[in-house]
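These notes concern the structure reproduced below.
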Amino acid sequence: MAVILITGGARSGKSKRAEMRTRAFPGQPVYVATAEALDAEMEARIARHRARRGTDWIEREVPLDLVQVLVATDGGGARLVDCLTLWLSNLMHAERDWESEVNELAGALLHLKSPVVLVTNEVGLGIVPDNALARSFRDAAGIMNQTIAAAADEVEFIVAGLPMKLK
Amino acid sequence: MAVILITGGARSGKSKRAEMRTRAFPGQPVYVATAEALDAEMEARIARHRARRGTDWIEREVPLDLVQVLVATDGGGARLVDCLTLWLSNLMHAERDWESEVNELAGALLHLKSPVVLVTNEVGLGIVPDNALARSFRDAAGIMNQTIAAAADEVEFIVAGLPMKLK
Amino acid sequence: MAVILITGGARSGKSKRAEMRTRAFPGQPVYVATAEALDAEMEARIARHRARRGTDWIEREVPLDLVQVLVATDGGGARLVDCLTLWLSNLMHAERDWESEVNELAGALLHLKSPVVLVTNEVGLGIVPDNALARSFRDAAGIMNQTIAAAADEVEFIVAGLPMKLK
């Protein structure tokens, strides 16, 4: 079992790095997308990621029930979850109890048999946002990243496509 | 004597790390808060930090005159200053000469006998802010961080709760 | 030949570090400024950088045609390009095809004889910007940084004036 967390800024090369780490495990890789193709910007992005990844992945689209999908796909190839920040955003929009769900994910990660590579974003290194909602989100994202990093076997911070080992 | 600077983004685990580093020194730790409980959001945050820290700390609230408090508490246990970014913001609001005060702090840190652990924030890794005040603040914060890091014996950059050693 | 990329946040000490790295090479250093003195804020910043650098540099001001200047100055001392983020912004304002130009730069860097030290900014570690233009810019900056980092021999990430070696 291996749990790998890949964090970094926007367009830092996190997904590409995560794909490489996922492919290094034996078995057919499973792509767990937390994004929904709700607008053209997102659709284009999803298509671009899929083109790069290739067609040999099993694909799951899961905006909310991440733990269930990780449990359901356990025992097969490695799972790539892309990305936790969007999952958190989905949970908050759906008014779910994100703190419980994050803790539940952290707990589940300790017991899964097949590897899991999770992508997340660092969003707290800019100036304090003006609006309260953005502040709440970046606080939640920071707490989530700490919680999942604590449960992970390996954590990498990606800058300009290059990994720094945090754990 | 030891001066340790802990930097990182919002909710990256800086305060928790700084508390651990402070407690590792002998003597009763001193918590030097630069925050004032001016609104409910801040009050809740202060209460949460205090609950985690425990009650065995000496507490000082010092929005502006940081050097004086560090001198006055010198010779006892280690001091945890949480945080420099808020102190800078307080200085700017009070229209004090922040550059002189930062330089004075850097100078004082070289001569104190008891350890000092300082928490600060990285705020310059997002997109350039629209408004000039936010730009001035992030410039000032960057300059302050460089100045204090140069005076420190150790500097750690925290991401997702995990420290990277910068110095 | 050596290509060194220095990245980091605003006021993190990138330019100072890049000047030091450039001066370490033999020959008269060449300062390649991508900034134009269009307003008072920028003029003050340019003057401050020049004062720190000293007067023994050859200076080139090149908002757009960076590759041409690097080719034209090749064979002499090391070049310091300060900075790529502004160059990218200039390209986008001029409605040039920034992706081709970035790829052309990456290709050119592999063939130059004299060293090149390039400064860039990390802008993708804050909250997602509200406006689409800022989002496009930070996406472009992230892609540029990955591309140039891949072509560089050395990459450093500067936080609080202190370098972390990425490559």
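Letters A, B and C name the chains as they come in the text, with residue numbers starting at 1 for each one.
Assume a contact is a pair of C-beta atoms (placed from the backbone, for glycine too) under 8 Å apart; a residue touches a chain by one contact, two chains touch by 3 or more.
These are the chains along with the protein names UniProt gives them: A, B, C = Bifunctional adenosylcobalamin biosynthesis protein.
From a predicted model like this one, the values you see are computed outputs, not experimental measurements.
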Quote the value, from 0 to 180 degrees and to the nearest 5, of the angle by which the CA atoms of chain A must be rotated to coincide with those of chain B. 120
Interface check for copies chain A and chain C. Shared numbers divided by all numbers used: above half gives same, below half gives different; which is it? different
Inter-chain centre distance, chain A versus chain C - centres from mean C-alpha coordinates, in Å: 31
At least two other chains touched by the same residue of chain A: list those residues. 9, 122-127, 138, 164
Once bound in the complex, which stretches of chain C touch chain B? 8-13, 41, 122-127, 129, 134, 137-138, 159-162, 164
Taking the complex as given, what residues does chain A use to touch chain B? 5, 7, 9, 120, 122-128, 138-139, 141-143, 145-146, 148-150, 155, 157, 164, 166-167
